[in-house]
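The following pair of complexes shares a single chain, chain A, combined with chain B in the former and chain C in the latter.
What follows is the complex of A and B.
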């Protein structure tokens, strides 16, 4: 029965217990939401770096003035631009080029799979070195004419037929989740995308009215050879080709990386602020509770409870509150963070990829541990005070 | 069994700064013997409760010793002194001292559950005490619903549950009517007759009728 005294005490003061449990739940929720957000952003960035696989991207000069240019190139956001294919051939034949491959962009109108337009990326299977290594993880065959590979978030499955501008396509594979707009992107070989582009022009649905799909590309992806550095090749391209702009992918990612750093710092400050506030409130709550229950503790001393036993009673109460609050906080955190990952990604407008279940479990355990520890540390101060209190003086004070 | 206070003195500092010391109990000797009920009376602030708290191991004296069978109880560490209070002393503090999250029966059995689980003899003892103190029908009630007299009888039952060798009662009839006062003193007298050493601190003049010896405290000094 004495062992259950902490639980009876908690039940005996439902309002105080509810406040303590809510505070601990809030702490656990904040810890989990914060760490999960930062972890997902880091996973998203890593995924983005993996997806790129090229040192330099060359795009039409006008494209770099578009606000969404980096998102289109880096993350597969919808949008397209074109440059003369001859320019691409010229760039690819320059000195110091190791790997060079063109891509062709097109944005769909809403298709059967999707309520919103999706980005369609055409690649050259003979020269491609960025898309195919990734696609091969899901589909290890050459993409035939009319075959498409769809991003993980699209509502289409292997074997489905989809139409883009009236062009019938077969879903050959579905990609792994990336946490970027690539998850709503469709990949096909260059011929298939050019056919779609021609159809979009015929239907008057392409914002470029006078292009010949056979004579343009959207961008060129380059890896340099060992003979020259990426900076030398980049300078060379920018000096000798007026209508294009070569950009280091690392620099493009650094923008995302800087934003990630900023978000991480804000989340860190938020966690610290909530932790500090929660810790202080828990400390005050336990201190008030102990002051209010001085007489009760004195009675326990009178009947023979040692100082250690009293301290353990308070610690057991805080542990019970901590465990219950943490479970509620973690449960709420997972209920919010997992189903709404897509909404959070949209809100942050950054690559956002939830970690795997194992890592989520570790983060949840860490958040629970941190919030329980905060409550226990706050209670430890009260437990110490109780263990030092002079029972005789407390009883005498009541006379 | 014999409990002795030898030259015990208790000083309190009234202010946190300076040296305004107040001597509550001064160089006092007292002996509590098995089978005897000792009444300690005196005016408020005379040092009665302070002396009782020192004797029962709750308030270390500034000077002097409290000897139980010639062992100074304040030489024991906190754990052993707590065990001593739990197993050999029964203390009835002044005022209401119920644990409100527990029932009457759980309050009474609390000394038995501190360091283990109550066995059938503890349960039987609790039942016997509740019957003798006329609170048997209240065993599953929470203290908040009890009257002052019922709470006091519950406190007495809790102090006696482990058949203590020494019973300390601080103003046990403070808020009781004459009938309840007589019942409580009669109960403590019976406990003494059963072999316990009993010290009762009280203002109640009726207590002398039940006492084997009566001591008076004035300004921290004891007089017989």
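What follows is the complex of A and C.
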């Protein structure tokens, strides 16, 4: 096969072949990188939506003035705020509340090797309805005192011991990846987190100097009962409790969703621009290549090659270039997109979760197919022209 | 074959220079210090990679300068375990930071894996072509 005419033609003009292969590789790389980025962002958002599970979040009013408030509540970014536990009890006893559970936030200042803070979330195992269903996928036992469950992006494994403010904790489980800051969050029961908070206060490392961990909580998560709608309950809480603010989780996530839409549109435009440019360049390259080889094709006609044979030769050349180029492009794309997924996530600052291997394979096959098709379509125009040429005119040199 | 050995020697030198300069610049480790003012462990992984990078630079430069195919092959063969060791340094031989969304995990480690993987492959090809050219001589 590699000794056939199309391959000999490709080997005979290495520079032209290299340019065509590079262009096709660029098309495949752009398509794969773009679709993989958009797909990962969508997976990240879906993962974030799955993780929510509460209709309403109630936080201290001051917390809503914090710039990173939504990221702390939605994605587990580091930060903490507190409100009176009595307020939480009052909110939970309001009419129309179906499920109600409070959480306690604490950011570590040092965990094991690093000075980088880790968000610690304490939940009440008796009332919790958001964290435990998620934890159960990895760990189906009640969390004991001193037990912690770590996010997927923490470099700690089941059985490891970690210290937070001097409190020794045992890693009981490691969670599945979510593509959000929850991947670097530590979960524990309320008693363990309160012990850490007390230790942080004793060491003077907590900016809330005068809080009593037994008398405060950070936020309240609510699901409404069938009797009242979420909006009615939300308005009721906001009207009757001045020191807190109730927020619909759907509204909070819409900001992330809008950003994702923007990024998807930009990526889409970039892919389209590169494809348009690449397609035009490939079309020009094949046209120029066939034009300069007119006499070569005319000689082939004279020695007995049919018009179809000439067209097939051009098409076979473009197919070979397409296959080689897309394999290189896909290989490069995977080498960039998979190992550097973490860096891309940091750069985009949005929930980013790589799809599973099957979907990545489908995207790679799609990118390869699309770039091969573009090359073949660009060459088809030249193949049609070459099959229509007048051999006599070409050989006389009139054209 | 000699020409191929020289070409791959130059590629090896470029990759080795990239790993040496890269771990101190574009894909350096996290620049934080712990509360006690001590460097985090990823800093020491960076230092170790820098030292191995210099060794790789010297060895790869010699594969270009020295004309003997057998010596070139020997140098290239020696670079393979060095490159593999460099791949094992981040997070296997020396622990990186606790959060895997930090720079040492997201940038330094994948970059080192890719470049050192490429060095190991190129060194294998250089060694093979070096041995072949010696046979012909």
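Just so it is clear, the second predicted complex is superposed on the first by the 391 of 399 C-alpha atoms of A that agree within 3 Å, B and C clash if a C-alpha of one lies under 4 Å from a C-alpha of the other, contacts with A are read in each partner's own complex, and residues count from 1 in each chain.
Convention: a residue touches a chain if its C-beta (ideal position, glycine included) is under 8 Å from a C-beta of that chain, and two chains touch if they have at least 3 such contacts.
In this text, all values refer to a predicted model and were calculated from it rather than measured experimentally.
After superposition onto chain A, the modelled positions of chain B and chain C are compatible, with room for both.
In the superposition on chain A, A:12 makes contact with chain B only, not with chain C.
Rounded to the nearest 10, the angle at the Cα centre of chain A between chain B and chain C in the chain-A superposition is 70°. Of the two partner chains, chain C is the only one that A:183 touches; chain B does not reach it. In the superposition on chain A, A:272 contacts neither chain B nor chain C. A count of residues in chain A touched by chain B and by chain C gives the higher number to B.
Contacts of A:342 after superposition on the shared chain: chain C is touched, whereas chain B is not. Touch criterion not met for A:158: it reaches neither chain B nor chain C.
By the document's definition of touching, of the two partners only chain B reaches A:390; chain C does not. Put simply, the nearest alpha carbons of chain B and chain C end up 22 Å apart when the two models share chain A.
Interface of chain C with chain A (complex): residues 30, 32-35, 40-41, 91, 95-103, 105-107, 109-110, 113-114. Of all residues in chain B, only 44, 49-50, 53-54, 56, 58-59, 78-79, 82-87, 89, 91, 93-95, 97-102, 106, 109-111, 113-115, 117-118, 158, 170-171 touch chain A in the complex they form.
Of all residues in chain A, those touching chain C in their complex are 109-116, 118, 152-156, 183-184, 335, 339-340, 342-343, 345-346. Residue ranges on chain A touching chain B, taken from their complex, read 1-2, 5, 8-9, 11-12, 295-296, 298-309, 390-393, 395-396, 398-399.
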